[in-house]
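First chain A sits with chain B, and in the next complex the same chain sits with chain C.
== the complex of A and B ==
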């Protein structure tokens, strides 16, 4: 179909070579190439969870106001030479608010609707997250090692990983894979009268492999398979459960293996002058949680420097096999959790982002609304967890290229 | 039956790869447009993924890496 290289005129051959060397073109199927110049990115986000509705809260629920988090992010990209670049990242979270503590039935005999009891006093915490990534761009391979460290009052995580990407000679296909580890340590804040663990830890090992393929001059697709294994203390030390009238600690199995298959498609429409983004992920784990995530978006960049992106994300998950909103009788295996995150539900996210590039600066604003409900689930759900989450996030940011 | 499946897969794979090789470098300008990037904004995407990781029962899919947090 295409012209043979041997048949190209010298001018066209030169143009082809030039096109191949442009970072965006020669590496369209790769994660990227060495940046042309250093870039500093700053971002501030206000994350605000809706309060628990009064009808879903027990009379003794405490403060129904959930988390409000201020998030500051800084990222600095520095190209060292034609083959190496470094990316340093920092995230600061300042959070306050209450969190769902446990769920109890309306009546002491275990009948009636589930009602949520909140953590009581407002929780204040800060999180600092540091990350450093290097990218080496070889002739055919890109190798990207990374390390990270996250710390907050009661939690520390050290992580590291490496990703490798191979680009085929025709630059239409790339194969990538990677491994990562994380070592997390939790030391919960103790509360008088409540039984909580001390100094627990968990480890994580993840591996993934994937393929990126240029389909035609308008379409590129990427598909990735991943496995992630967690081992150690996987319960939530701040959550409890109602079991036949007694309040017991949240208690989950000591290991969990997760499997994912994710596919992303980008298709440019000349008619709309925009790119259609389609992402789908299937997830399954050995706690019997299965989920489907479908993300549809449209991204437009104008010649005058304005960019607009809008997207809608649909998510639906099944419950963990040991999950119940509350337990009328004790379980033989001693595994309990009433965490809304392990309950069956569905959710929608609506997003809008706008940016404008002026000289070396790009200024950005974005908003996101997340709503969840049992009726959004793919499967029919009998009893909704009363602590399901709704939130709004508003983001302001700026990039500066040196 | 298994052999037929393998043959179909090979033909489909060959067709897909053959079709792709026909996209010449000078025809890839559209693929290089910023709106064709996997994520419209890297920092925003990182935060979104962190929120979903913290607040939903499933996570991961597009790579590996990163530690957990005490988010509840």
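== the complex of A and C ==
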């Protein structure tokens, strides 16, 4: 028994709109609502990167085992009063393994397939990341300033930002925008016989704006545009390149501007009893990397109380204009990188998560498998970077509401 | 809530249904406590006690949104839906069989009028000592919506909430059939005047049967015009269907306050399905009725 949608009377529209702003009636739009209770979230993730296949590694490659990363996260959300809320976060990463060092051709004359040479010794590093975010829920605006600090053996970063969200009086439309800055400092661990930089830094400035529209009870759409500019040392000090028989440091341009446009659609299907997610993101930067990301997901709460999350993400990117797996000739601009992250490729992520609420606790478990390959790319790729990544991640988490 | 209430849910496990039901009932109880005018610790009492005192009272977000809703109801009904009119019950005692004098009514009329209230969220100021507001005209319907919503959010696909005749459907029976809901006969409370089949949304009724007195053969019901202080000669009952029970309730209340002809016109203009009975006990409206007996 639907309502006559066409020619909705002004009185009914006014009453319905006022009703939809009553807390507890509007279900989809939760923005601008301060949490009632403090909440503690704990999460542990284990990433296991697949070893480099022996056929892709140079004979002198060294240890072909890539990183194993343990990530532990704690987040604490504390509502101070009806208008302020604080969220504090701490992340601890521990990584160990080898990483791709450079790529060389099979033959010294620059012919044959590219082969990876790994970093000689096992790398062990630990990262600590602290963040603090405040949310102020005003009459019409939500304002959220945040700060962060991250440190590891050879790296330090401070960051800060502010986001503002405006919600229309009927809560059907919200407009969001924000700016963020970060200042990073790198002081690479030196290795005898290898040329590495000392004490470099990079700055980042990002700005974004977006719109969320509730189409109806079942459908929400969000679209966001963002620009991010990096300035400073943007190379990887631990990577090198093969240039006409010589090994030179990874050397990228000193600035990079990235543009993103992301659109997310959420639709609840009564038939399936599930929420469907369709997310698309287009990315472009002035290094000529273009990428498309399509994420399809399904969120279902079963009648027995389990919540099931499953998704597939597809990604495809073009290469940076100065990227080569190896260089037969030196480049006039001196820009070199054989980093697989700047190479042309495509990837898939398959993800499955389950959660259940037990009293005040919500426990979660999730697994994801990431695979990348030149053949997954939208456009055809001639030479695949042999260091492309595949990994498996498993996450355990628990939330406690006080 | 002072009237029979029921909550019916379908779930795979009884324990799950019970847990969800407990949450929904706790929320209904919370709203009743919070907005009861009989409790010393309610928000309603705090507001009414603050009447006449500057600068008024700062209210919480939920109360603010309910006041906003009342304002919209007031504006859309040309001042008939007025949460300051509850004070009329002090002069209209429907158990007494006594009609108040015009003098008595006029004594309280100056205390009525949402237009006198200074409402700039989150600050509410009732300017006159003795002025009162009453959320009773729509908080029960709101509670039905909230309870149904809690159940939906917890994954309950089929069920209904009935708070003393204000109904909010969570979803149909597992076989996909709607809930058969009886609409009370205004002159015979034990016999439904008709049935409707609902799979979603809210249904609320308002009528002259809830509180009334017969004096010299004339029926005086609690449908009181806030501007005159006198009962409105109106429909015997109006039941309205809307996506939200609170909208259904406000719409039926306003229809009753407008009197028969204007009330029916109001419902027609809203475009909401309705069913009503007039004083001649004729049943009409656009809400589709179904056969009563299986």
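Keep this in mind: the second predicted complex is superposed on the first by the 368 of 402 C-alpha atoms of A that agree within 3 Å, B and C clash if a C-alpha of one lies under 4 Å from a C-alpha of the other, contacts with A are read in each partner's own complex, and residues count from 1 in each chain.
Criterion: a contact is a pair of C-beta atoms (placed from the backbone, for glycine too) under 8 Å apart; a residue touches a chain by one contact, two chains touch by 3 or more.
The structure presented is a predicted model; accordingly, all values stated were derived computationally and were not measured.
Novice: Quick check on the superposed pair: does A:41 touch chain B, chain C, both, or neither? Answer first, second, both or neither.
Specialist: After superposition on chain A, A:41 lies in contact with chain B alone.
Novice: A:139 in the overlay: touching chain B, chain C, both, or neither? Say first, second, both or neither.
Specialist: Only chain C; A:139 stays clear of chain B.
Novice: Look at A:285 in the shared chain and tell me whether it touches chain B only, chain C only, both, or neither; answer first, second, both or neither.
Specialist: First partner only, chain B.
Novice: When the two structures are overlaid on chain A, which partner does A:301 contact: first (chain B), second (chain C), both, or neither?
Specialist: both
Novice: Is A:354 contacted by the first partner chain B, the second partner chain C, both or neither?
Specialist: neither
Novice: Could you pull out which residues of chain A sit against chain B in one structure and against chain C in the other?
Specialist: 1, 3, 12, 15-16, 19-20, 22, 24-25, 217, 301
Novice: Provide the residue numbers of chain A that touch chain C in the complex, in ascending order.
Specialist: Listed in rising order, the residues of chain A that touch chain C are 1, 3-4, 7-9, 11-12, 14-25, 27, 82, 139, 217, 270, 273, 301-305.
Novice: Quick check: in the complex, which residue numbers of chain A touch chain B?
Specialist: By the definition above, chain A touches chain B via 1-3, 12, 15-16, 19-20, 22, 24-26, 28, 41, 43, 45, 47, 71, 73, 75, 89, 91, 99, 125, 127, 129, 146, 148-150, 152-155, 157-161, 163, 170-173, 178-180, 182-184, 186, 202, 204, 206-208, 213-218, 220, 222, 224, 226, 228, 236, 238-239, 258, 260-262, 264, 266, 268, 274-275, 277, 281, 283, 285, 289, 291, 293, 297, 299-301, 307, 309, 315, 317, 320, 341-343, 347, 353, 355, 364, 366, 368, 370, 389, 391, 393, 395, 397.
Novice: If we count contacts the way the header does, which residues on chain C are in touch with chain A in the complex?
Specialist: Listed in rising order, the residues of chain C that touch chain A are 11-13, 16, 27, 60-62, 65-66, 68-69, 71-73, 75-76, 121, 142, 145-146, 149-150, 152-157, 171, 198-201, 241-244, 246-247, 250-251, 266, 269-273, 288.
Novice: Help me check something: in the complex, which residues belonging to chain B touch chain A?
Specialist: 16-17, 19-38, 40-44, 46-48, 51-52, 55-70, 72
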